Amino acid sequence: MTAHRLAMLGTGLIGHFYTVTLHGQRGRDTVHVVYSRSEDRAAAFAAEHGIPIGTTKLEEAIAHPDVDAVLVGLPNHLHEDAIALCARHGKPVLCTKPLARNGEEAKRILDTVEQAGIFAGYLEDLVYTPKTLKAVAAVQAGQIGEVTWARSRETHPGPHSAWFWDAAQAGGGAIVDLGCHCIEIIRSFVGKENRPVEAFCWADTLVHPIEAEDNAIALIRFESGAIGQFEVSWTFRGGMDLRDEVAGTEGTIWTNHFLRTGFELFSTGEGGGYVAEKSETVSGWLFPVGDELSELGYVDMFTDMLDALDHGHEPTETFYDGYVVNAVMDACYASARSGRWEPVQLADWRGGSVPRIARERRQHDGHTLIKEERMPDGRLKLILKDERTGEFADVVRDA
Amino acid sequence: MTAHRLAMLGTGLIGHFYTVTLHGQRGRDTVHVVYSRSEDRAAAFAAEHGIPIGTTKLEEAIAHPDVDAVLVGLPNHLHEDAIALCARHGKPVLCTKPLARNGEEAKRILDTVEQAGIFAGYLEDLVYTPKTLKAVAAVQAGQIGEVTWARSRETHPGPHSAWFWDAAQAGGGAIVDLGCHCIEIIRSFVGKENRPVEAFCWADTLVHPIEAEDNAIALIRFESGAIGQFEVSWTFRGGMDLRDEVAGTEGTIWTNHFLRTGFELFSTGEGGGYVAEKSETVSGWLFPVGDELSELGYVDMFTDMLDALDHGHEPTETFYDGYVVNAVMDACYASARSGRWEPVQLADWRGGSVPRIARERRQHDGHTLIKEERMPDGRLKLILKDERTGEFADVVRDA
Amino acid sequence: MTAHRLAMLGTGLIGHFYTVTLHGQRGRDTVHVVYSRSEDRAAAFAAEHGIPIGTTKLEEAIAHPDVDAVLVGLPNHLHEDAIALCARHGKPVLCTKPLARNGEEAKRILDTVEQAGIFAGYLEDLVYTPKTLKAVAAVQAGQIGEVTWARSRETHPGPHSAWFWDAAQAGGGAIVDLGCHCIEIIRSFVGKENRPVEAFCWADTLVHPIEAEDNAIALIRFESGAIGQFEVSWTFRGGMDLRDEVAGTEGTIWTNHFLRTGFELFSTGEGGGYVAEKSETVSGWLFPVGDELSELGYVDMFTDMLDALDHGHEPTETFYDGYVVNAVMDACYASARSGRWEPVQLADWRGGSVPRIARERRQHDGHTLIKEERMPDGRLKLILKDERTGEFADVVRDA
Amino acid sequence: MTAHRLAMLGTGLIGHFYTVTLHGQRGRDTVHVVYSRSEDRAAAFAAEHGIPIGTTKLEEAIAHPDVDAVLVGLPNHLHEDAIALCARHGKPVLCTKPLARNGEEAKRILDTVEQAGIFAGYLEDLVYTPKTLKAVAAVQAGQIGEVTWARSRETHPGPHSAWFWDAAQAGGGAIVDLGCHCIEIIRSFVGKENRPVEAFCWADTLVHPIEAEDNAIALIRFESGAIGQFEVSWTFRGGMDLRDEVAGTEGTIWTNHFLRTGFELFSTGEGGGYVAEKSETVSGWLFPVGDELSELGYVDMFTDMLDALDHGHEPTETFYDGYVVNAVMDACYASARSGRWEPVQLADWRGGSVPRIARERRQHDGHTLIKEERMPDGRLKLILKDERTGEFADVVRDA
């Protein structure tokens, strides 16, 4: 049994969630050092979470001899330097999403860790929600046939820290903040072997007084013909809307991770307090989540990451995945500017090649069978095509 | 009290729904003549619905002296001729959706009825579902602020008559069949005054052995900046998925018209029969709809149409609306071919001009207030921007 | 085509719903006279609904020569006299629920109309909701096997007129107001031939400063062994909770008539107005109903009633049903006082006798097969009983 | 950091769930010894879960020097002896639910562990579901005011091991199997200080060929006037229905733990396998649960238990709670026989005394204010009672 001692870089909301997850339940792993750019925040965070050491010295946190792995929970523009330090000190590194501000930066980060030969995990929590894990397993088992479409939606009223709103630090707006989740969820459903070929994106700043996009919708076309679709917004009202939908040739999957999970509370507002992340009200009908850390994937994510580290194999989500996500986002931004499909630039494609989704070719009495349907009166209707003449005909058969 | 006697042209599923609606409950109006291209179907339909006259003669049906209005429920390529006959005989005409196979044909139809001065209603039932009517009223009352995004989704395993599958007769595939509903729902939410400026569309034939598209997704950009989004499919598994989502600056609307309406039935399969339109199974968990005719808008649609006819004003859905819908679909098809945004060609735009969605401009202590959020510990966090320096800052205030 | 002219007795909320339903959509029937105990309310109601005659004279309203049927929408203690007048004048009568304040009064009313030979319909709207009609049809078709349990729940924050709160006028509290609906819904599911044998009831006044019960729960045991269960409350928070659940040997039905019907609206409160009957808020997450009149059964109820009147047969809900409901409520009140099961006193039982729910008797290898279940590893587990020894054993079989 | 080594007594489904939970995620605790009455099952269970020692010797398992706590997952009739052995060897013991077959046996068990002074935890997992924990916290914070009613429902098609079906071994049927969960959930909501005064219960064997009850419904009256209600069944069709509802003077809570948790999957049946505990089908609409162990409370339960053991305080669920649950079930069985309310016999009541739920006493213009309601036209309606005359009146005020 390996019990890890980690360094937590960053004290924002994500650092809080990571630390609470690791220290939660009967976990064996602990955060041993916390780094913040602010001395006050480092001390407060250490005190709040029972962390032995709080520091403002980045390299000392990483290099601390008692630390055997590093969690990067810093703003996007600080990832590269922090990871380079991990590489220099040979420390395993787990980095929050997105990996970088763009594909080029992501590729440099990827090269850095691969050249150093350190373990590197990409902390894409939403791929690890218990629902997503089970849904992806159902897809892989063939329960919905071939995936034709995957929609991932993440919208809320806007992020909780100033740097998110600053495109210079973040690398963009709602796409960089939220789209990275969606893209990796979509890839998990359509298959990571399935190359993202091109992307189309609309992005606009509709409501907030900022430069970055506060709304975007994108389509991603994969090699198999499958379509990924993401919708992100910083202007959604009503809480945090986290839903995925997957269509396959043999089935359908709908998951709802936050606002409708079987927990409904009406309150006149008495005794009200914190309801859930990004909840807007404390009275009326409220929709809390049972265990946010579990439902949002943090628990299963760290299990996968640290088990992989212990057993010397790759985690489900790697820095290579982070690089692909950044490359798709680059194509989205390019498309939002050009107004057309833009290719996903992946100089380093490690997936294979997948065939086109198979078209049905069923025959009936020498004709192509297009469809059969039970009518209200119980009879069966067949729609047939005569491939010689090109004509379509209805045939109704008694029950 | 005016009790209308109508001619029903066509005996397909839509003709069945129209007739059952008109003859249902305690309605005062009746179908007096039914026309079909097949003598057998005309006779069978007349017998089933207690219609006095069944005929295969189109003009006789329309011109019949006891008929005071005509319902067009024919395949798309037969609309224009039938409507021209109504115009010639001065008969009010109600035409099913889509109005035509393309914008040009729709414009000719529109001109025909306007030159003849006849009453013309566009039978877009899904704009009239009770939920949509109330949701649109809520939007118009300002309950969700300015609309930023409207998603309309209609998907099922494919249509029930052969001609739908034949692009020559139908004018296209899933877009023409289902997208027309979605476009008009979207227009109802973003406002009919709000000009559809351009459209982007992906379309593909993924599963069925046909030429027409069996899946499509489109974005429609309106003058206000609002985005419409439709998703249509003939390959969805699980029944008929009819959902709309609307985002506004002050709220959100979600409607589900078919698969999740508060009616859930598990059956081992004993005694099973018809569950609902396009249902795929008769055992396991089933999701029937209470009153399909009411829930799908047929009841309120005919009330609006025939009341408008009685009182001499326009119905909510006119042939002009049908023309706009066809023009948007034309742009979608053009975009699906070109891979870029394509303008919506509307030579005849009757809406006005609407302003851009208003951006928030709130101030706090001389800075721009980007956002305020209640934190888990009860404190209030403000995100502020200094417009001089371009810097963003977090400010946390005690509860 | 018969177009009825009705007299509406009473101008409360129920009279409003009845009139709006009859005058709604393309209905052929009209309210011709309205009676109120108050001259002002009679005039205002007539004006609001376009009713030719408003009056404070009860008998004149009933006897008016242009009136061919009477709607009783008066407080409970005024039903008997009004119906007696209908009988005297030979007018068909439709009476709101409950029929009377107790079984004895209901029996007198039943005898009165039967002796006069007039048509009499019991306006139990919730049996006619489109979902209930379809669910009852599914039960009758055998889709859920034999019904073992039916739960009907109606709760809200309390009624909207003063007389409901006065046990002397109403005959009781939440049981009389709401339980009457539930009992008839339950009877529709377990079968009207199935005699209600005994009832157990808890009732209490927990919150409101009144004498009548504001909360009650009851069990009704039917001859087949099936159990009905109702829950009524005038202290529920969050709107109006109208749900039914039915368990059968081959399936399950869940219906939700009001708060979760596939229509969800979040609003910050801008432009807010009326949301739905008994809604408590105009901001936050709201759950409107598409068409309340249709969803609550008023439309189908009047269709059944007036079609039955036209065709000379009994409606689905008769005064005999109203009498049975009152008898069950009497047993509930008796039980609430005695703390034990009390027999349902039905001097006049017109249903037949039904057999006990059939117990399964499946054999496997000479043992009784209790259950089979698929295990997580795919194997099938059988639970068997040896009837000679009385011992139970697990047998696991490979998939 | 204490890492426990536990002995697992029993290798049934509950032992499987316990072990998988403890060994899951990054947990620090491990099962070190497993006991089964069957040598084969002991060996297979040990191999499956990587447990060092499998044995058929009960006392050796408990007394093993490397074991510092014992998990009792045996059939109900074997609890007492196993716990007595734990007491003899001074080992902390965690016992599955129900604690015993009846209150008398439970009291002896309670006395045994208290006299021995050992740590004893009652493994009532459903009180620990993340939703329940948060819902109970909301109630304790006052968010729904005073609790007036709590309904807990657990139904499925029947248990998975033979002994459950044998009343001699189990102590009863569905009540003992499922009602124990419900009673403790109800107590958690109405408050453990709130004495369960009396119970009413209906129980019957409707479907299965057994002696024990396969269906039961009970009401439990608490000292405050609050009513608990449980519904249990071994004949439910459609999966496992686990729902709770709580009504309070200021709000409402609805939780759904299994069949509707925001995860919906339609499959034609391709690639199908295990869906969820007690799921009945592998095609059609399916409703899996994300992480059953977390959602059913096992994770939080063991955290509470083992943290309590480490810190030397009592867990949330104690053997005293188990004793109260058995006492309530005894009253339910007595009532099912007598047909009347039966007192809950609690010789040892450790809760205090709580006041009656407070009735509202608001005044308006010298009258008692019964209710205020917003009408469809926006006006406010007050219902007032004149306490001198006993008369009720409506007063409508403009908006």
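Here the chain labels run A, B, C and D in written order, and each chain numbers its own residues starting at 1.
By definition in this document, a contact is a pair of C-beta atoms (placed from the backbone, for glycine too) under 8 Å apart; a residue touches a chain by one contact, two chains touch by 3 or more.
Owing to the predicted nature of the structure, the values given are computational and were not obtained by experimental measurement.
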### Query
Among the other chains, which touch chain A and chain B together?
C, D
### Task
Specify the angle of rotation obtained when superposing chain C on chain D by their C-alpha atoms, rounded to a multiple of 5 degrees.
180
### Task
Select, from B-C and A-C, the pair of chains that is joined by more C-beta pairs in contact.
B-C
### Task
Please indicate which chain is farthest from chain A, where distance is taken between mean Cα coordinates of the chains.
C
### Message
For chain C versus chain D, what separation do you get between their C-alpha means, in angstrom?
### Response
33
### Message
Taking the mean of the C-alpha atoms as each chain's centre, how many Å separate chain A from chain C?
### Response
48
## Note on the structure
Cα centre of chain B to Cα centre of chain C, whole Å, reads 35
### Query
What positions in chain C touch 2 or more of the other chains?
144-145, 237-238, 250-252, 266, 268, 273
### Task
Give every residue of chain A touching chain C within the complex, in rising order.
237-239, 266, 268, 280-281, 283-287
### Interface residues, chain D side, partner chain A - complex
1, 3, 22, 24-29, 129-131, 133-135, 138, 141-145, 250-257, 260-273, 288, 290-291, 294-295, 299-300, 302-303, 306-307
### Query
How about chain B: which of its residues touch chain A in the complex?
144, 148-149, 151, 155, 157-163, 165-166, 200, 202, 204-210, 215, 217, 219, 221, 225, 227, 229, 231, 233, 235-238, 241, 247-252, 273-274, 278-279, 282, 339-341, 357, 359-361, 368, 370-371, 373-378, 381, 383-385, 390-394
